[in-house]
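Can you read through this structure? Questions will come right after.
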Amino acid sequence: MDRPGGISGPDSIAVATGIVEQYRLVRRRTEELCATLEIEDYVVQTMPDVSPTKWHLAHTSWFFEAFLLTPRQADYRAPHPLYNYLYNSYYVQIGERFHRPDRGLLSRPTVAEIYAYRAHVDRHVLDFLEAADDRTLEEVLPIMALGLNHEQQHQELLLTDIKHVLSVSPLRPVFREASAPENGQTVSADGVPALEWIAFEEGLHEIGHGGGEFAFDNEGPRHRRFIHSFEIANRLVTAGEYMEFIEDGGYRRAELWLSDGAATVEREGWQAPLYWERIDGRWHHFTLHGFREVNADEPVCHVSCYEADAYARWAGARLPDEAEWEVAVSLVPPEGNFVEYGALHPAAMEISARGPLYQMYGDVWEWTRSPYAPYPGYQPPPGAIGEYNGKFMANQMVLRGGSCVTPHDHIRLTYRNFFPPDARWQFSGIRLAKDTGRKP
Amino acid sequence: MDRPGGISGPDSIAVATGIVEQYRLVRRRTEELCATLEIEDYVVQTMPDVSPTKWHLAHTSWFFEAFLLTPRQADYRAPHPLYNYLYNSYYVQIGERFHRPDRGLLSRPTVAEIYAYRAHVDRHVLDFLEAADDRTLEEVLPIMALGLNHEQQHQELLLTDIKHVLSVSPLRPVFREASAPENGQTVSADGVPALEWIAFEEGLHEIGHGGGEFAFDNEGPRHRRFIHSFEIANRLVTAGEYMEFIEDGGYRRAELWLSDGAATVEREGWQAPLYWERIDGRWHHFTLHGFREVNADEPVCHVSCYEADAYARWAGARLPDEAEWEVAVSLVPPEGNFVEYGALHPAAMEISARGPLYQMYGDVWEWTRSPYAPYPGYQPPPGAIGEYNGKFMANQMVLRGGSCVTPHDHIRLTYRNFFPPDARWQFSGIRLAKDTGRKP
Amino acid sequence: MDRPGGISGPDSIAVATGIVEQYRLVRRRTEELCATLEIEDYVVQTMPDVSPTKWHLAHTSWFFEAFLLTPRQADYRAPHPLYNYLYNSYYVQIGERFHRPDRGLLSRPTVAEIYAYRAHVDRHVLDFLEAADDRTLEEVLPIMALGLNHEQQHQELLLTDIKHVLSVSPLRPVFREASAPENGQTVSADGVPALEWIAFEEGLHEIGHGGGEFAFDNEGPRHRRFIHSFEIANRLVTAGEYMEFIEDGGYRRAELWLSDGAATVEREGWQAPLYWERIDGRWHHFTLHGFREVNADEPVCHVSCYEADAYARWAGARLPDEAEWEVAVSLVPPEGNFVEYGALHPAAMEISARGPLYQMYGDVWEWTRSPYAPYPGYQPPPGAIGEYNGKFMANQMVLRGGSCVTPHDHIRLTYRNFFPPDARWQFSGIRLAKDTGRKP
Amino acid sequence: MDRPGGISGPDSIAVATGIVEQYRLVRRRTEELCATLEIEDYVVQTMPDVSPTKWHLAHTSWFFEAFLLTPRQADYRAPHPLYNYLYNSYYVQIGERFHRPDRGLLSRPTVAEIYAYRAHVDRHVLDFLEAADDRTLEEVLPIMALGLNHEQQHQELLLTDIKHVLSVSPLRPVFREASAPENGQTVSADGVPALEWIAFEEGLHEIGHGGGEFAFDNEGPRHRRFIHSFEIANRLVTAGEYMEFIEDGGYRRAELWLSDGAATVEREGWQAPLYWERIDGRWHHFTLHGFREVNADEPVCHVSCYEADAYARWAGARLPDEAEWEVAVSLVPPEGNFVEYGALHPAAMEISARGPLYQMYGDVWEWTRSPYAPYPGYQPPPGAIGEYNGKFMANQMVLRGGSCVTPHDHIRLTYRNFFPPDARWQFSGIRLAKDTGRKP
């Protein structure tokens, strides 16, 4: 079935009746994430990739306005006619947009005005849903599902971005106090289990999303792929292992790096993951719970794909292909250290589900060596909504599995996240793979 | 007498007793300027030259801390040890400073924390003054005077900067509602009087500050200068006259421009003064009272020295030398459209004092053709305070006379303001001059 | 068999005896390409991607020095000890290199000195080969083969770069006069045949190089890949068809472009392929034969991958996957408009081999939609030679089939060229593909 | 008398008859400077400020074409219609110009073609002068004088620029072998005489050019200036003295620097004058005679105005005002180490004329603390020729006295050279001054 938005959605009215509750829940959850913020924190943009918190709050509302309210309610009016210009992120078919790197230059609208905007959109969306007949409801379910998944993506971005914003202040503010003993600070007496390789045989596999539940268009179509035999690590690379790479001169040994990676290291002066700082010979880092020493047992985080790739080469391994990752993870239930757990930080191994594969979901997004490209037969939906994913299929790499700031019910086996290979401000880490039979 | 800070100050204890009241007044006035701001407005930095309002509030407090409290009170402690790093603007002899273009990246300390910082400094300064004996009071009077004049400079910058900050929002917020009929919006039936030339004979003149009242070190020493005969315009160039320059292709005729000016016009795409926008064939601009049509009778404002120079060449004239300006203005009392008048915008001619020379003070800073250079015998005071003015004597031009956002008691005949020739965000305008006998 | 350089090479001594002749031939061919150049033409670097001709002449000699002479002849000395620094392109394991974008700043060594350098290296290489016993010969054959293929790559780059160099002079110099009626200027009465779609069934295919003849390491290992059914165009997109895209507003319609592509179009101001210029409503372009009108029947050339992708979307199609291309081309002999043909320009369709697929080889490199990534099991050879290909596997796209400036015996079915998606100065063009059953 | 070009010129026909000889001499001298260059050396532009040698050769010819031949010979034709576009440097009233930083991208026209262009212009100029009647001759004398002085300026720039071009090659080519014992390499047993201060009384002086012999327009009008008493150093600052400044941490002590200077030091990483390099603890530098150790007795050279100013502050002195310099130098004949002397490098003190003031002319251009501004009453001549000097009167500083690469008969007491304060590739050095009575 071809639906507006080109996404597959739920098939029964039963689900439709739940949409109001889901809408309320997701929208409220976004605002709850801001509970500890000062007004000033909502305003700042610390680099072009980061958006101010208040922009996230507004843009997620605009999404419902642009794709649900405006097309279906002739008399709908935004609180200000320029909001469509200010809060359109990148949909060129919807019109001109405010220049992205300048989002932090706007003191107005104020935070209060933006919360009012959210309330305004909520009122209209809920009124709309209430008044809708079954047929209409069925029609709009896909766009509602997309809007809510979109908002969940921005929940993660909001946390990722506010971490960067708070980190640049020399005052090192705390986003949220850690609740003891959360977050792997209690290291097991034995430390992290040894890295083991889990082997998979070659064969023709199906990967990608096949319909049914919600998925983004870029996760499909489901298709066959021949996968050569490979082995994948049973757990994530730890901060302690990564420190060994640093100690071994990893950042200075250009032969370990992709050419673009080496150039980035030199240009940016990278010597460790983002947020790391060496004090008196010991590594510390900024976290959402404040500044503290790095726990060697926790998964390394905030590394770029270049760093992940160089680490893998140093370790005699490589990054997994996204198809390999998907085949491997099919053994594992989608449980892990997600945002609901409250850690807001990757956790040492104890927390995760049972093996043989650990930490596949949550904790950190896992860089793959797969460039973000369309699956065979992929076709974005027509219209502006088709810009959601497809137009970014260049110069980006796929990441899999979600992180400690991803909502649990947002992730799934086929989920494809993507970022440029030099991006580090995401909660991104490393899982190793290798060709069968190759000695690391 | 050589005083700390290298500035001349008042000579009697009588003045000393007034310093507490002055301090209270100036400090309060700074905060009053922020009365209409939202918290969000305090945070933003829209270009490297602009500082966030909260930075101005903190830095002016830091100044008293760094030059009065810390040197004289061994047990003085700032609310946070990093404030000295965050709020030192450019005094290298005081230590490392936070990177200027990144001032807008800091959400913390919050606005409330900075008001608390101001109160903290105020309490300590006032306690100090109260406890000081006469001798100490006399010693610190120069630095107190400098600190208050410094704060007045930042009052002007605060307004100049917040204008820029508010202007970038497409929502075009109003800083303060205009009170009718302020600000020259009532144009006299006759319009602006004709431009007339006031002639001065050649001769040896004394210019510069000779001591007595407070002055910045760069205003002295008083010295002789031979000035050739010249003529100076009786009033400022109006917006209407400047529109004629635009209509005549002024911005496209490279032969009218200094070479660096022509390059700037091309690089920046300038076609009119800063804040001007043509709508349906009529010029509008952003003001502190909101967005509105340009009044042709008011002085043109927010032009760079390059634009002022090109306009003058187009008009067959030139900009005055700063010594010429000082000789001419000695005929005129220091009255005009200053910040206390409340217009916050240059005013059409009726408002100003009587002739033969009009608008010499207030309204707009007047670009001169004098590069900012030391007067003969100038020597900055020793120590960090010597960095206040002297180190900027390169690549800047002198402006004279104050503007509609300058405090009245801050300005005087010998006052030398200075900005790079491409700066436009100041309230800067144009007065013409010419060599005697030359026909424009 | 694992050889130094990780490349597969010929297996018999019979081939070994031919290597001297091949060496002489390839080296001479490089110099023949420069026959029409002035000394001044050898020196200039018109953008960072372009290298001066004299750099190409030196670097290809350095390659034999660094990988053959220096490792195997203890007493070998370069004419100047700094040549190893100046002419190492990117091999970090060999040492520091001169900054690439500054290659055009060096007037010395002179062109004559560089020809002397070539002669010096030739003498030593030929002496070495002559003196080598069979075992040594067999050992060095792979590196000799790599060196000669490397030099052939630079023959193509030399022509590509000199085209750019000559093009920036307003004098529009001619690299080589065209010999009538070369180069498709004689358009057949009927014009170009209609575009037809050639269909391929889904199935498991083997692609990649399987050993035997020389191939670059990135072409292997040969491996299985499941390919979904697809259709591929029987010929290249013509300049005339591309003009229709331009006329239809192709460059201004952001919805046709990848996001990075749209940003590039805006930043660079692209409105047509590189070298195109509209004069009196008709498209002209700079060619190696001088400046002339674009022949609508010839394949469009000097487009980036972004432009190729946008054109394909506009045409209701897509670019082929590199595996699809390889499967399709296996029907076709490796014949076409290569550098030996002398056209130095893509040719209208008559010139090419018989169908059903035309112009698969030569004319223009064909952009695929495949990011340049390692094949399953790919491992670069150890040591500096391993930097030849592997470290560039990020942010680049694969191109296939060779161009009108590629040496004929340099190309093969499995050949993978790669450039960033915004590169336009290569002779790169467009072949369309589509999913089976989709209507363009 | 007002002449075309706004310059004062010779008044007698006797001089007119000498112009042909002068023309031949100056034009030949330019070409003689290139005697040791390779073709490749003519082509390269190593930074935007530097022009290729062949550009200098062409541009100086274009000057005669644009200001003499084209206006006065209706049938004059340049060898190529685009030469007017390629070789116009900055005269906007003459038309569009080729982008300055791209001058090094042009391999064509070739060096041979440019020598042919010179010969073409010479033939036409000499034919013109030969055919001219007395009245015409008198009319064109000013433009001829300007053209020859212009060419002499470019003789100096040609040497300054080729020094930079040759310096960037790691091969360190020699422009011209030094003839022993030229260039102060023989240091007198006693070293350099002590620095002494020569005092001048305050008073009203006349400075500037008053007509008669040729001078550039910016040297006039002659006018009165009141000069306060001052003292000026009897000789230039030596390289050895400058080394002490470096050893004393001069480049790291921000309090010694103008604010823009400190920013430049940090951005550019300056640690010593241009061309200096420390090897095994001893300072070496690149000279037109090759790379060699710095002679501590020779004047320091290739410093920016920022460095000169910081050095002066470190030494307890300041730079002279240009009027002070002119008053002081009126005691001294215009003799010194000019280009004709052949040293092509500043010389230790023995070479110069007798005291009390040494090295005022030649050796190095002396930075003053005077921004380059118009003299009272200055008016550039009308038309394109008025762009020669006037439009550069912003952001530049005046230098006085000529250098070791200045033609002797090009310099005079009133000569004002000007460069931005961060320029270092000129042969520029330091003379100290101070206010009377101030202790250094």
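Brief remarks follow.
When the chains are written out, they are named A, B, C and D in that same order, and each has its own residue count from 1.
By our rule, contacts are C-beta pairs under 8 Å (C-beta built on N, C-alpha and C of every residue); 3 or more make two chains touch, one makes a residue touch a chain.
What you are looking at is a predicted structure, and each value in this text was computed from that prediction instead of being measured.
Counted as hops between touching chains, the shortest connection from chain A to chain D is 2. Of all chains in the assembly, none touches chain B and also chain D. Averaging Cα atoms per chain gives one point for each, and the point farthest from that of chain C is the centre of B. With centres set at the average Cα position, the gap from chain B to chain C is 60 Å. Averaged Cα coordinates give chain A a centre that lies 48 Å from the centre of chain B. Chain C has its Cα centroid 38 Å from the Cα centroid of chain A.
Residues of chain C in contact with two or more other chains: none. Two chains count as a pair here when they touch; such pairs are A-B, A-C, B-D, C-D.
Within the complex formed with chain B, the residues of chain A that make contact are 38-46, 80, 82, 85-86, 98, 102, 104-111, 165-166, 168-171, 173. Here chain D touches chain B in the complex through residues 90, 92-93, 204, 223-226, 228, 254-255, 257-262, 305-306, 321, 369-371, 373-374, 376-377, 379, 387, 391-395, 421, 435, 438, going by the rule given at the top.
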